[in-house]
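So, here's a batch of structures to check.
Shared between the two complexes below is chain A, which pairs with chain B and chain C, respectively.
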Partner chain A sequence: MSGERTPVWAVVALPAAVGLLAYAVAVFDAVAVEGMRGRAFARPLRRAALLAVRQRRTTLAADRLLLGAGVAVLPAAALLAALVVPVGGVPVVASPVGIVWFNAAEVATWAAAWLVGWGPNAAFSLVGGYRFLAQGLAYELPHMFVLITVAVGAGSLDLTAVAAAQRHLWFAVQMPVAFALYLVSASALAFWGPFAHPLDGALGADLSGADRLLFLGGRCAMLAVAGAAAVPLFLGGGAGPLLPAPVWSLVKTLAVLAALVFAGARVPRLRMDRFLAAAWTVLIPVALLQLLVVAVTR
Partner chain B sequence: MGVRARLARYAAGLPAPFVVAVPGGARCRVAVEAELRRRGWTPVADPVACDALLVCGEPGDELAAAVDAVWAGVPAPRVRVDLPSRASAREVAAALDGLVPVLADVPAQRAEAARTAAKPWPPPAEHAEHDDESGHGGGGMEMGGPGGVALASRAPDRDGLKLDVLHVPLGPVLAWWPAGLRVAVTLQGDVVQSADVELLPGAVAETFWDVPAGTPRRAAARRRAAARLDALARFLGAAGWPARAAEAARHRDDLLADAFREARVRRFARSVRRSRTLRWMARGVPPSYLAWLDDVETTLAELHEPGEDPAAWRNGERGSCARGGRDAAGCGERGPGFRELGESLVGVELGTARLIVASVDER
Partner chain C sequence: MIPATVLFWALAVGAVAGGVAVFAVGSMARATFALLASFLCVGGELLVLDLDYLGVLVVLMMIMEMLVMAVFMVMFMMNPAGLMPMSMVHNRWGALGISGAVFAALAAGIVLTPWPHRAGRPPRDPTRALGLAIMGPKMPVMMGIGLAILATMIASVVLATRRGRYGDAE
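And now, the complex of A and B:
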């Protein structure tokens, strides 16, 4: 990766930007699930404050090392994925293989989910881990094919070049199926909304205090970064009339995140034991067909 | 004042409650849930995540012990409130007002944290995993595991693989779960291999949903529809649809307070019934929720009918299945009672098991 042009302030700005987007996700979620009453903007902050100061309890004979690694991996993976996502055409690290890097960072959620499931030495956490492994495998494959489809369409693995390739027509229009699959699989990889089955009284249920804050915050951050990446991947990056490119990037990102969170709240949770068959038999073939169409028509 | 103390005080402004349902405490629980919603204090799904444990009703000895075990695992800052089953809305509000100063009392909460930190959590006796005695005749407990906990043993599962056998209790302190129900399950992976169902009683009998003879017709109908909406809220919560579950609870409280909008309740019932995803996820689960939706709609219709109090509910022929009559799919079928519950849980995934339990028709 060629990082020589990365300005120093980016080291501070990137976590701050990801944190703010994760906060936006938490606010959307509070409004989508609990409604507008009360101060929706303060609710995630007060909850985070509670977790930050809270006593840390662990389960009996928990594997502290693995558990700690698991909860730290999630926000770390979100930050690593965000490194290559261009905002207004400029990523923190301009990489010719940005899409591969982005996907590799996303896959780290598997490790996070499994470690958090295994670490507490508790039956229900472990069940959550099983559920996510099944879910992860079912959604990572379509997710990967979708990213490949975008790369084929743009003829590049560089996210900045991908955004530039949509000068005339957004990929969301050129390959709508891929866009839909991207949103679904991105939610599933962040176990968000209808894909929160791993969390249902299972994954993370034994976490308290800072562990819980990192885990749940990391999950918001993961969704936020996946939403931010949808902008250069499908929505033309920072391109737009009148406003400067970074503002367009932000507006589009918030729109994608709001859509993901509010649409997610309108659907009951999908149980993985039931949904897996559909994921394998429908999503993957559909993803491959879309790839074929893009490859042939390009 | 340090940063941590400031943060703790800031956090205390929005308590994270967990409501413990106790048999006989439905009146109190409904009052608490309504007051929590009024304040915007959304209950959390896991007791570990709560800082305010609200026990609604008087538990019997066994249930009280289970609640104590859960309370022992709640990290500080924390506060526990035991409300009597007859608590009025005003008493509930006063009790909730009292939470915030306790949570914001930083020195006292620090002392509490120091006191509880000395004990392991959960207490060893309550720990979930232990040796599978039945798997090895006379094998007994194997004390070689980490932290003095016995290691799980293995047994062939339904696919013939050797998998760990874990014995874990489901309930009685669990979100979207019937009051006082404890199901001791044997798990392999996430599949229930056996289930022993036990109802831990409360100290007083449940009478809240009963409609005594002589109740005015309209009040009786509202109470019955509210009972169904209460069950629906639990089912929708267990199905992972928190927004709809909250809506069901809101309509329940509006009906009880006679401040409901019939059109909205009907719209809610229609949209839940229409959800294909919910039907798909509930396949294989007794379709109680559809029958409950029917009950709500027929009961609402009764509000407009002149004449005698329809006695159908009381005679056990509850729910006339408004649409399509008795032969329609799912119509008339009810979930198993608690007695038959154990068998219906064997061989299902844990998430399905939660849905089956939430489909139990308690009334």
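And now, the complex of A and C:
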């Protein structure tokens, strides 16, 4: 991508930042599901370490190449999506089409889900992978319209410009429906909370050891990056009183992630077929109406 | 930073290698993703050429498109489970002749075309210029078509899912 040269430190800082945010998601999830008993901060680390050292179970005639690709795609997509997300007004790569790039990286979860479904050569995984494609389309379309709405409101596809366009009023206030839809569809694309069906004994059922760690960690990272992107998209970026911009970005990101994870843990799994019907017949038209309102009133 | 020329050639070789892999691998799933890798390299080429919007759009659309394609490619193949070795190559000699001829014609086109010299300079915002060039005078028509396509998609999905295997999908 064009734009300014990427500083060398970003190569280290970006994975570290995404990893820390993913860890925060895992901690929130541990607290939301199991409460504060014990050491909530240590539990995700303990689980990760256990998975990392455990030996892999293998399935008969698994496609190791595609399985490995699928497992790696999720964390890689989270990193690629994070490239264009500004923290305190400064992204690693200043792209004039950052919103589209972010969406392209998010859609890579489809590839991850299908590959992880196909790879083990096992029935339930395969069903989970195929199902997620049908679900993914219903999640992605409202998500895409929401991103288009934001771009129309800001008059730019550059996430930094989008944050700057909210000097007077946050987009979360200007287009509340789009904000709500963003949170729902972003959780769904990371199969989180009420949208976690793919993980219920299907996707990832045949993953073990380091594969499982990468897949589940990548899922946390995907949600973390989607939460971090909500800040420049809807919450005014790093703008705020007293504190410097990067701190505000971090505070807002953690607030969004906490809200997503705790709300996700309180809501039961939605019945998939009902949600898909609602996505096609309610969410997409509602997203289009919000787009119309923003386009007319802008 | 890696010079653009190196990136260009690396992606070009990657794109061709992905295309070759489609016909060399023994499973339809692998062929699908080899093709996707090839397309992603082409998207990367557009990014190297500073066509940001087109490049990112190719990446976005190709991921979505190839994942939907994967369903159909696997579904319509000879051994859908992919348990037996398969080959994407059919009619080997005829195909070689046709593809060789097409390649020669296209390559000759590159050499023989009197390419125009650049007039003017690249616009400040290529995305905007591209949008105006494609849709400028025909914006309402394009918007109408876009809505019609979307309405068709939604209508066909709604019609298709009215009755499922387990009764009505409410």
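The rule we apply is simple: the second predicted complex is superposed on the first by the 296 of 298 C-alpha atoms of A that agree within 3 Å, B and C clash if a C-alpha of one lies under 4 Å from a C-alpha of the other, contacts with A are read in each partner's own complex, and residues count from 1 in each chain.
In the analysis below, a residue touches a chain if its C-beta (ideal position, glycine included) is under 8 Å from a C-beta of that chain, and two chains touch if they have at least 3 such contacts.
Predicted model only: the values in this text are computed from it and were never measured.
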* In the overlay, answer first, second, both or neither for which of chain B and chain C A:L207 touches. => first
* Asked: Of the partners chain B and chain C, which touch A:E140 in the superposed model: first, second, both, neither?
  -> second
* Determine, under the contact definition given at the top, whether A:L115 touches first (chain B), second (chain C), both, or neither. => second
* To do: Please name the chain, chain B or chain C, that touches the greater number of residues in chain A.
  => B
* **Partner chain in contact with A:R131 - chain B first, chain C second, else both or neither** => first
* To do: For A:R274, decide between first (touching chain B), second (touching chain C), both and neither.
  => both
* **Partner chain(s) touched by A:V100 [first = chain B, second = chain C, both, neither]** => second
* chain C-contacting residues of chain A that also contact chain B -> 61, 130, 273-274
* Structure fact -> In the complex, chain B touches chain A at residues 4, 7-8, 10-11, 13-14, 16, 39-40, 42, 45-46, 48-49, 51, 73, 75-77, 113, 116-117, 120-122, 124, 127-129, 145-147, 149, 166, 168, 174-175, 187, 189-190, 236, 239-244, 246, 275, 277-278, 280-281, 283, 349-352, 354
* To do: Can you check the complex and tell me which residues of chain A touch chain C?
  => 1-2, 5-6, 61, 63, 65-66, 69, 95-97, 100-101, 103-104, 107-108, 110-111, 114-115, 118, 130, 133, 136-137, 140, 157, 273-274, 276-277, 280-281, 284
* Structure fact -> Given the complex, residues on chain A that touch chain B span 32-35, 37-38, 42-43, 45-47, 49-50, 52-61, 121-124, 127, 130-131, 194, 196-197, 200-202, 205-209, 212, 265-274
* Which part of chain C faces chain A closely enough to touch in the complex? -> 1, 27, 29-30, 33, 36, 47, 50, 52-53, 55-57, 59-60, 63-64, 67-68, 70-71, 82-83, 125, 127, 154, 157-158, 161, 164, 169-170
